[in-house]
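Next, two complexes with chain A in common: one pairs it with chain B, the other with chain C.
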Partner chain A sequence: MTAAETETPLSAPLDVGFDYTRSVGPVLGRFVNALRERRVLGVRGDDGRVHVPPVEYDPATARALTEFTDVADEGTVESWSWVAEPLDGQPLRRPFAWALIRLDGADTSLLHAVDAGSPAGIRTGMRVRARWADEPVGHIRDIVCFVSTESPPGDPAPAPAPPPVADRAEGDPVSTVITPIHLNFLHSASPEESRYLRGLAEGKLLGQRCPACGKVYVPPRGACPTDGVPTTDEVELPDTGTVTTFCIVNVPFLGQRLKPPYVAAYILLDGADIAFLHLVLGCEASEVRMGLRVRASWKPREQFSTTLENIAHFEPTGEPDAPYESFAHHL
Partner chain B sequence: MTEVAVVGFAQSPNVRRTQGTTNGVEMLVPIFTEVFEQTGLSTKDIGFWCSGSSDYLAGRAFSFIAAVDAIGAFPPIHESHVEMDAAWALYEAWLKIRMGEVDTALVYGFGKSSAGQLRRVLALQLDPYVVAPLWPDSISVAGIQARMGLDSGRWSEQDLAEVAARSRRDAAGNPFAQVSGDTDAATLLDAPVVADPLRAHDIAPVTDGAAVIVLASAERARDLVERPAVVTGIDHRVDSPALGSRDLTRSPSTELAGRAAGVGTDVDIAELHAPFTHQELIVRDALGLGDGVRVNPSGGALTGNPMFSAGLVRIGEAARQILAGNARRTVAHATSGPALQQNLVAVLERG
Partner chain C sequence: MAKQLAAVLGTGQTHHRAKRTDVSMPGLLREAVDRALADAQVDWPEIDAVVLGKAPDMFEGVMMPELFLADALGANGKPLLRVHTAGSVGGSTALVAASLIQAGVHRKVLTVAFEKQSESNAMWALSILPPFQMPVGAGAGGYFAPHVRSYLRRSGAPEHVGAIVAAKDRRNGALNPFAHLRQPDITVESVRASQMLWDPIRYDETCPSSDGACAMVLGDESSGDAVEGGAAWIHATAMRTEPTTFAGRDQVNPQAGRDAAAALWKEAGITDPLSQVDTAEIYVPFSWFEPMWLENLGFMAEGEGWKLTEAGETALGGRLPVNPSGGVLSSNPIGASGMLRFSEAAKQVMGRAGDYQVDGARTALGHAYGGGSQYFSMWVVGSAKPGS
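Right after this comes the complex of A and B.
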């Protein structure tokens, strides 16, 4: 067994998020704008059934539906399930029920939260009414939750902050809903990548050679992409190499750390068969060229961790350029 | 048109957590080797590759591209991907062979469900305008479905516990299963509810895993294995995404797919993809499977539910029973989406 297999692979939290902005169109647009006025709208299907939330097309005939009708903000629990530990983003921060609620005047049910205190506080057939947000914005979350009509909670659950709202001209209807989505993962590096990252923490560049084709990959891969076999033989590579291709970054963007213009380049380390992306600094951007010989400029050792950022950038060695033929097949 | 047969099947162990990456390479390399040993084929012999996986599970874009490393895709291969359970990748591969474009295909699915909070990630399968912004998790949605059947008398807590107990006992004979044990319904019912009305035994475990199936034209299949499992019917249908407009205690899409695939009454074994106990009862009913049909001898998804391959595993298990000579005619079912929204049914027969 190799050292790579006996060491625990590295992992780290990976938090991804994006505020989805969605145009609501003519049907859902009517629905969310009504919510802003604390009204619930349904749409009548070809069979006469009233769908809440409204559907854009009849589920049976596929005809575009246009006949809107108001339904009550009060209705009956059709079925429910209990959430003992609410998850991030759910409507309530204390235990609650999810329920399918048939609002009076509707023929389909709406899925929403019921602030019921405990499973004993809800049952199928129970009457509930909407608890509206203090300041509706035109979003499903304008309904904070539902509560029992007979015995609403004495201590209403604190409502989370309202969703973000898209800019629009004064008096215009809501045409976009914004939904922030945030997910949390534990990202794991492969055993080979972990070995490479731990090598970087010691100032070493570790690649691996495919036992079938002999190619050296840095960073190493779990499997050779050409042969589909695990890469096993470890190879320590020097911190010198050749620029195979590059681009001059002139465009500013969010999170940019350097002032343009600067050069992002593919660097083929001496002895490697695959180039990786890094910065080339230490000369004018206009002087960077294909075949330029470069060396890593490492950060001070006390700043090292398990990252390629230990190399601040690459800079020219001053050697003569590598001939094109020496790297042409790595482009 | 060309008939299509399953000639190879392998799966990784179903586990709560792997240390591997979300691109599945570590799980896929050994099972590719396994199906090549079963069939005598090699990478170069495969006419078409198709996979099922999800970026939402991996937490990054184009995660399936990295999985292609496990293939050794040089010279370039003919490849496709579905952001669904790999049972639907198998459907695509089946079409390619039916059309005579290729005569072999390899289908694989993988998922590292443990990388994120699975039941929360799955909330994003719901309508993105008026449902997903509330983050209804997959277990809660299934709980609402289960209670509808409990309230209406279509099933009882006892019925659900019987499904779980049988699945766990069967899984004891499945070396890949995550959950197994010699238990009975009474013992299981002693446990508390965890997501009222559901108990832990009603809910499939969170599983990391991968699976692979090799398909071949019926003609080619006869040269590769002794008893190919011919796909005599396959179809998939979808129900409305509006949960509140469906009768959640029934599955019209499974019923339609089953009828189109020609399930009929002559069935030895059925492998049904039911991540919740009550869903097995719904699917069984929709397919019209009688008491004589052996359901989920593998233990089913309730004993190991590798996201994006658990449906493919059902087809693999149904085929394995024919490849091994244990059955003559089997049915496989795969599901995708909340509360059995989309369903695929395949019928397999000894060639």
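Right after this comes the complex of A and C.
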């Protein structure tokens, strides 16, 4: 058993989020703009059924649908599921039911929240009515939730903040809704990458050699991508190398962590058979060239952690450039 | 058992724009689908199956969009497949659809690809940084720019060739009523004067970010025979893949692309692509990929692709017009970009390319690549049936 197999792989959070914009188009556009007036709209399908929410195209014939009709904001629970621990972003912050609700006048059911207190407060066949937001904005959440018509909760559930609203000219209908989406992962490195990252925390660059082709990979992969065999032979590499190729990033973009302009270069460490991307500083961007010899500039040791960011950047060593032939097969 | 003959019966696409906020995602697809059905003179009941393609779900933030698009795609009660191979997906989606006909499983298949880039930000989505990494990624341009530099060094191509490609494709785009960028007055000089974004790639040498969709109706031999004015017959198809990185990988002229092209020409019975192919729609998101792919596809020897471009032979009227529609440099709804290449090749051999029709085009290439140049898909279509 190798050391890599006995050490716990490293993990860290990876949070990804974006406020996606949805252009609603002519059909859902009619629906959300009616919600702003506290009306619920359906659309009549080719078979006469009324779909709520309206669908743009008939599910059976695929024809575009255009015959809108008002339905009630009261209806019947057709099925439900209890949410004992609501998540961020869900309609209510206290336990609630997700329910399929067939509104009076509709032939299909709408998925929405029912504020029912406990599972004992909801049943299939129960009559419910919409609880409207104080200030509708043109969004499905203009209906905060549904409540029982016979025994509505004595203390209405506090609603989360209203959804973000897209900019639009005064008097224009809602044509875009904003849908914030957040994904929260726990990202785990492989055992081999974890060993390499722990090496970085000690200021070492650890690679692995493939026993079949002899190529040295840094970071190590665990298996050679060419031969498919485990790469268990560890190699410590120096922190000097050659710029094989590079680009100068002049363009700013959302989520960028470095301020442009910067040189993103493929660095081929001496003794390695594959280059990785890093920064080159210590000279003008215009002086960076293919074949430039570079050395790692490490951050102060007390700032080290398990990341390649321990190397702040690479900078020229002052040696003559590596001949093109020495790295041409790494392009 | 031999493959069954398959043909393109009709094509359709949206008006590509930076933001198609006038339509929903289903509405965007239907604009292309309705045009393809009309072009093919085919109605919904005749469609046996639907094959949908798009690039990463992060681009619109909709997981498995094929599920909510089923109504708009008329897929109720029919097989619906979704394909994903990054930027090449429009091409591989068309090839999956073609294979359903070539296998004799279906007679008519609708295939659609799309991207609604304005719902998100592709540069952000392509630069998400997992923990422990160095934050040097800078979207697709940042990924490909170093490899373009390698091509320049390796081939010795003069610096202005990239600008020749960009000016040519944008002027071609001005002939295409569906193109996102239509710039009839662009010049090599104005491209060279534009801002350097990811040195050595300039602003005007970079594809736009577009909302758009593309659709095709593919059919079997009897369906192809019935097309007025002639169908586009599928003569050969090829797909190949390779890992993004491995020691000694050729990032400029990837093996998977060379292998796919070799298999494609062999199946099509083409021994001299430059002489035997009348026009090519090649996936060129950054200008320098025209000469790079001319070499990878075997139109020109290694290191010589730029000479065909510099001589003007890839312009309309040249020996091999490349991207007469304006290409990816004029419209880039990512997931649809590959299918647009495939459908524009079909339009050429059907004689339906309008103002950018290549005179007498009988044989055309459609090509797409994706990921870090790791997925390749391509087809050859012809005005005549294979072997005739």
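The rule is simple: the second predicted complex is superposed on the first by the 322 of 331 C-alpha atoms of A that agree within 3 Å, B and C clash if a C-alpha of one lies under 4 Å from a C-alpha of the other, contacts with A are read in each partner's own complex, and residues count from 1 in each chain.
Basically, a contact is a pair of C-beta atoms (placed from the backbone, for glycine too) under 8 Å apart; a residue touches a chain by one contact, two chains touch by 3 or more.
From a predicted model like this one, the values you see are computed outputs, not experimental measurements.
By the touch criterion stated above, A:P53 is placed in contact with chain B alone, chain C being left untouched. Of the two partner chains, chain B is the only one that A:A113 touches; chain C does not reach it.
Of the two partner chains placed by superposition, chain B and chain C are both touched by A:T179. By the touch criterion defined above, A:G89 reaches chain B but does not reach chain C.
Looking at the shared chain after the overlay, A:I274 reaches chain C, while chain B stays out of its contact range. Judged by the touch definition given at the top, the superposed model places A:R257 against chain C, while chain B stays out of reach. In the superposed pair of complexes, A:S326 makes contact with neither chain B nor chain C. Looking at the shared chain after the overlay, A:Y266 reaches chain C, while chain B stays out of its contact range.
Contact with both chain B and chain C is seen for A:T226 once the two complexes are overlaid on the shared chain. Under the contact criterion defined above, the residues of chain A that touch both chain B in one complex and chain C in the other are 14, 16, 20, 22, 24, 28, 55, 59, 179, 181, 187, 189, 193, 225-226. Chain contact summary for the complex, chain A toward chain B: residues 8-9, 11, 14, 16, 20, 22, 24, 28, 31, 51-53, 55, 59, 78-84, 87-91, 98-100, 102, 108-113, 119, 124, 139-141, 163, 177, 179, 181, 183-191, 193, 221-230. Chain A makes touch with chain C in their complex at residues 10, 12-14, 16, 18, 20-28, 55-62, 64, 175-176, 179, 181, 187, 189, 193, 197, 213, 215-217, 225-226, 244-251, 253-258, 262, 264-266, 273-274, 276-279, 285, 290, 306-309, 311, 324, 328-331. Put simply, chain B touches chain A in their complex at residues 19-23, 25-26, 29, 32, 43, 56, 58-60, 68-74, 112, 114-117, 119-121, 124, 128-137, 139-148, 151, 193-198, 240, 242-245, 248.
Chain C makes touch with chain A in their complex at residues 19-27, 30, 44, 58, 60-61, 71-74, 76, 116, 118-121, 123-125, 127-139, 141-142, 145-150, 153-154, 195-201, 243, 245-248, 250-252.
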